Amino acid sequence: MATTAAGTAIEARALCKSFGPTKAVADVSLAVRAGSVHAVTGENGAGKSTLMKLLAGVERPDSGELLVRGERASFANPRDALVRGVSTVFQEFTLLPNLTVAENLYLGREPLARGALDARKMTADASAVLERVGLAVSPDRLASRLTIPQQQLVEIAKGVSADASVFIFDEPTATLNNAEVDTLGALIDDLRSRGKAILYISHRLEEIFRFCDTVTVLKDGRLVTTVPTATLCETDLVTLMVGRPVHDLFPPRSTIAPAVALDVRKLVPGPGRPEVSFALHAGEILGIAGLEGQGQREILRSLTGVVKPESSDIEKRDANGNATRLDPRHGPTAAVVAGIGFVPEDRKTEGLYLDLTIYDNVALGRLKALPLFSLAPRVATFVEAIAARMKLRAESIKQNVGSLSGGNQQKVMLARWFAAGVDVLAIEQPTRGVDVGAKAEIYGLLREFANEGGSVIVASSELTEIIGLCDRVLVVRGGRFVAEMRGADATEEGLLEHALDALEREPAVT
Amino acid sequence: MLTFFPKEVDAMRLRRQLVLTAIVGASTIAFVAPARSQMDNLSDYTLGGVMSPRGTERTAPNAFKKIGPYRIALVGAGVGNSWIVQSFEEAKVEVARHKDIVSYVQTNAEWQPAKQVSDLEDVLTKNVDAVILSTVTPTNANAEIEKFAAKKIPVVVLGTGMTGNYAVEVRGGAEHFGKVGGDFLVKALHGKGTVWAFRGIAGAEEEVARYNGFRDALKGTQITIGAEEYGDWNYAKSKQICQNLVLSGKPVDGIWFSGAEMTRACVDVFQQAHKPLVPMTGEGNNGFFRIWKETGMNSVAAVFPPSLPASAVRVTLALLHGESVPKHLWSEPAALTNDTYQKYYRPDLNDNYWVPSSLPDSDVKKLYAK
Amino acid sequence: MIATLARRSRRAVSNSRTGISAVTLGIPASLIVVLAIATPHFFLSLQNLTNLVNQMTTLLIVALGQLLVAIVAGLDLSVGSVISVTTCIVSSDLSPALSIPLAFALGAFVGLVNGYGIVGFGIHPIIMTLSTMTFLQGLAYLIRAVPGGTIPPVLTTLASGATLGVPHALVWSAIAFFAVAALLYRTRFGLHLFAVGGQPESARLGGVPARRVAISAYVLCSVLAVFAGLFVAARTASGDPAVGVSFGLDSVTAIALGGAQLSGGVGSALGALTGTLSLALVSNGLNLLDVSAFLQSALKGVLLIVAICAQRRTAVGL
Amino acid sequence: MIAAERRKPAARFSLATVLAAARRLPPAYYGTLVLLVAAAVFRPVLLSSGLFLAIVQQSAPLGTVAIAQSLVMRCRSIDLSIGGIFVGADFIATSGYFAAWPAYAVIGICLLFGLAIGTINAILVTFVRASAVIVTLAMSIVLVGIVVSVSYFAQPGEVPETLKNIGSGYAFGVPISVLVWIAVAVPTSFVLARTVFGKYVAAVGANPSAAALSGIPYLRVIFVAHVACALLATIGGLLLAGFVGMGATNLGQDLVLNSIAAVILGGINFGGGSGGTLGPIVAAFMLTFLFNFLNSFGLGEPAKYMMQGGVIAIAALMYSLGRRVA
């Protein structure tokens, strides 16, 4: 048996995990005491969620070891972890929509009576557990009929019911309102007072200081430090999280032309969503910054018709100032015809045709607005030229896109829209999964596009990217714009402050 | 599921059943030439000699006697070829001739054995007095037949190789059918040469019996079988096989078929290949007669009366009237030859007409006018 | 029985995982009313009700198997061929002590092949089961080219006939129905089937051995098809290489009419029963009303289209 | 020019390319080669010019249907209503209802019928979003049911002479049906390779969500594919009817499954692939040749079914393993 500090509920020793060439978690060690709340924080991409997955049994480490109450542990899956006393509340809930609350609670460890499922006991036990977490729903209700906070409480109840000794919360407040956050706080206090160890993964400073005893900061997959929360102030923590000079990745900004290219008014991205309005200027790169899940995605997608907005009043103006109305409810086809291209975050499943060649992927952009049975123009020279200009690294344009690296795939995505001749690009996470060299090239391409009169709206959770690339930044929180600043004036600290602090503040900008 | 790929299966079954059912008692009317008066004798279940008793076994008198009027049912295996369509029509017309039949229902099982069992159950529910049954397989209805027997409801079966507890069987002699063709080839080829044999569906009892009759006829001759293929009684398959045989240049002096559709397929292949027709065997169908006449080929037609169900209707009534009826009624007709077939060829009718028919000419014209 | 069904259906209605709706219950109910009025002397006779049960049994057993596969978002078109092969095996010269276990072994093996192909190798369920269906169809023809053979008397006695006035078919229907219902609602495996059908990845994270559960569903489906095959063989007293052809699609129709979602996670034994009942009533009723068998099959096709179109889904295509 | 990929060693890259290229060749190409060699050794008569040409002729209906089926399968859909379309078109051509009409008018009516069924399929699949497998299958049942119950009263007769000639005649020493087959294949191939529609089909098949997100009218593409599939399948059905020459309510039902097998063997799986239009064509010939080859050994239906099932399973398995490697 390995030795471990007394009272340590769960301990990670030198955990490493790589996905392909990227080291998501490198040599991270961490110990969580029973009866304490331990925060793990860091920027997006710092390795928080990978670490959480390693602890929760979703992924297995490449090297390093995991100890639960001093004993070496290896989890096949989260259920296995739960049995060993490690309960995880995932950010994307794993409740099964067609199972009842009680069934979800006891999935994989259902009570049996003489070999048969003991539904009565399951319901009774579930009722008791639900009461303990303060959730007033019937255990017979289907999970699909629960609200998001209710679902989260069910996830927590899972751990309570298993009498887990370690609770891992992955960004638990992302979907909760203030009252619900308070309830969660009370619950965490209760768990702590009963000697449970709590691992609290979040980048919300306010909560970290409110709930947690200890904080571990990760950066680029590596451990920065582990310190008692009491020894820090918010500024210290932000410095620890950012702590990196901004690379010289970014092209120089240009001056914003006064002309409005896209006037978005009263866009309601979905039922019950707040309304947003903003203007995108010709030649401008506009950043939408914020923590993940704050509504950036919905704004971009409803703007481009990928999801149908509730309502909108959008005007698109071309270089000559001629205005046309755009109703995104008519779907992406209408947006594309109007000259707006959308680059999704998940290139592989939503953007590219991996089995088709570079030529096909790009040339498809040339087909918009052509009748269905007209000849598809042969544009090999054009595609070669655009590929060369974009410094696309491939053997030939006949190569399948699936065989390209992430950065080159992203270039193909952009090339399609350049080929289509759109003048507005809406991009989610423009450099996710792209190596540093290609990043700079992509930034350069976007800037070039803007300099030629195009407009770009970028939603990114990488603050450095937003700051370095954008002419103007809108900070979003809870579906609303809470701050606007010039890219040149923006700092990570400033953005984070708006993105985080806005939790408690009234929206400053709409 | 009638149409999914196993439709192919249905198709096979259809072809198989076509002949299995149809074989029930081939008899030549060449020599019968039914006189009108005999046809008009509505109690003559031999249809003027088309059918004849096989063996001496008879039903007991009054075994199924019942007071009329009667409700009878024809439980069919399925529809799918013109012979069956005509035979059902003959049954219907025959029923109409008898005033003491007040109810006549007809079901078909779409060649599904299990559905036929259900059909029989449903018919039983409807309190029929007698059933004429053409089964999907020789055995699939045995349990149901037993139920009818227990209720003293006579079951007259149309089918070969039936084993159940039926009252009377009405069928044809399969070996005879095959032998008719074999005898013809022996004569046409003067006892020597190479013939091809187009068989039906492998393993079918009926098919084996016909083939045995054919082999019997070849015994003691110098005729050899140069190619033997299963054409499944199907035009399309036979056409492809025949095409392959012809184009591969296999020698052939004559061809034996166990069904007319296959003959037509081969004739078409020979003509398309501009190959002189060799003697081929055929069947008593107007479409075949037409080709026979158009090509002037040397052929013979085994006859397979579509009027079998009409005979079955009369048998059924005889049973209900309390008569004693031969247990086995078979039909083993002599063939139609180059000299006699023209008497039966009706140029005014289409290819779907089969002989001999018990239908009045007005019905025949209505159904088969070109 | 009726009381149990009623209780079960009340419970079912309150739980949308079953897919039971006013339509699933309403179709057979209204068919019964219409038939009882249209053919009062025949339809409600004891004889006819017995017939109805006899006619339903095979399809019910297959549909219950198909249901298990549908719950894990699969589809098994090979059940028809499994039925055919089963009748061919048990009608062969082998002793029943050998032929019956052989049929079950083959069924289980077919289920394993389907399951591994679909779950293990990611082959589309339609393609996978279509190919096993075709292969087994060939095997059936290989064993028995044409219908015939003899069925061991023990099977015939077990399948047809009655004890104390209760038709054996009813007994078998009830056993199959309650066995599958118990499996679904009284065992962990049943719950896991629904979990895997709801969201396989979440189920896996929740510790459900998702692959094993899905493969087991295919195995059970094939084994139930073997049962159905034994019943058909006994009922028709013969082996027939084509007897099962209609059951693949009929079973899908039955469960779709019974509210099962082919996208997985939703379905119920009661739905399989009402769906099967609906189809049997259509067939029985049209027979009583003397409607052509071919129009009957066309009508079944229309019913299937309607039932499928009523299911909302987002995917387009397969 | 495009800058060369520098990060990977050249040798490894080219080896991978060769392997990838080999894997992308449709299985039908190998299969046909193997079969032809086997025939040359065991049954050389199958390769004699007359017989070989006849086998090509026999392939024409399946080949045409395979082209039709490939259109919908490229869009990740399927059409199993082909069996019903065959029976329906055959009924129209042979029932005698249109006996007084010129043959080309009858052919036209058959094509209109195919168009109508294709449109219904397309509506059900794209707008109602019903599962294509189930609705097209059900469509087939409905069509066959109607035809069989109607044809019970109006019996099927002969195929019009013109159609018979198209199905089984020769022109310039080539079977006419093969010319029709080519006449279907060439424009289809052109449309798929060179038109906007063709490019969209490839896109929808390769990644439906990407197609939707990037503004491709994907529902319209699938709609058109279904209509075109039914129409071309009707042509295949008429070729078969012409070859058979007589009406039948079970005409060519095996072509439904064989067409799917041909498409998969031709290198096209659900959602595109590498076979082009030639893949399914070669595969249709391969299957027809295979059945002739098996027949020449006296192996009948059982072997045919088992081969068919095995071949589809193996092709599907190869495809899914290939995808996993890539």
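By letter and in written order, the chains are A, B, C and D; residue numbering begins at 1 in each of them.
By our rule, contacts are C-beta pairs under 8 Å (C-beta built on N, C-alpha and C of every residue); 3 or more make two chains touch, one makes a residue touch a chain.
Just so it is clear, the model here is predicted, and its values are computed rather than measured.
Among the remaining chains, those touching chain B and also chain D are C. Using CA-based centroids throughout, the chain positioned farthest away from chain D is A. Set against one another, A-C and C-D show the most C-beta pairs in contact at C-D. Distance between chain centres (mean CA atoms), chain A to chain C: 45 Å. Per-chain Cα centroids separate chain C from chain D by 31 Å. Chain A and chain B have centres, each the mean of its CA atoms, that are 75 Å apart.
Averaged C-alpha coordinates give centres for chain B and chain C that are 37 Å from one another.
Annotation for chain D: residues 137, 140-141, 143-145, 148, 152, 257, 300-301 touch two or more other chains. Residue positions of chain C with contacts to 2 or more other chains are 130, 133-134, 137, 145, 249, 292, 294, 297.
Shared contact sites, meaning residues of chain A that touch two or more other chains, are absent.
Chains that are in contact with each other form these pairs: A-C, A-D, B-C, B-D, C-D. On the chain D side of its complex with chain C, the touching residues are 75-78, 124-126, 128-135, 137-146, 148-149, 152, 208, 218-219, 222, 257, 260, 264, 270, 300-310, 312-313, 316-317, 320-321, 323-324.
Considering their complex, residues 305-306, 331-337, 341-342, 344, 349-356, 360, 363-364, 367-368, 370-376, 384, 387-388, 391-397, 402-403, 405, 416 of chain A touch chain D.
Interface residues of chain A facing chain C in the complex, by the touch rule stated above, are 58, 77-80, 82-83, 90, 94-100, 103-104, 107-110, 112, 115-117, 119, 140, 142. Those residues of chain C that touch chain B in the complex are listed here as 42, 45, 47-48, 50-51, 54-55, 58, 80-81, 130, 133-134, 137, 144-150, 156, 160, 232, 235-238, 240-243, 245-250, 283-284, 287-288, 290, 292-294, 297. Taken in their complex, chain C has these residues touching chain D: 75, 117, 121-124, 126-128, 130-142, 145, 249, 252-253, 256, 262, 292, 294-302, 304-305, 308-309, 311-318.
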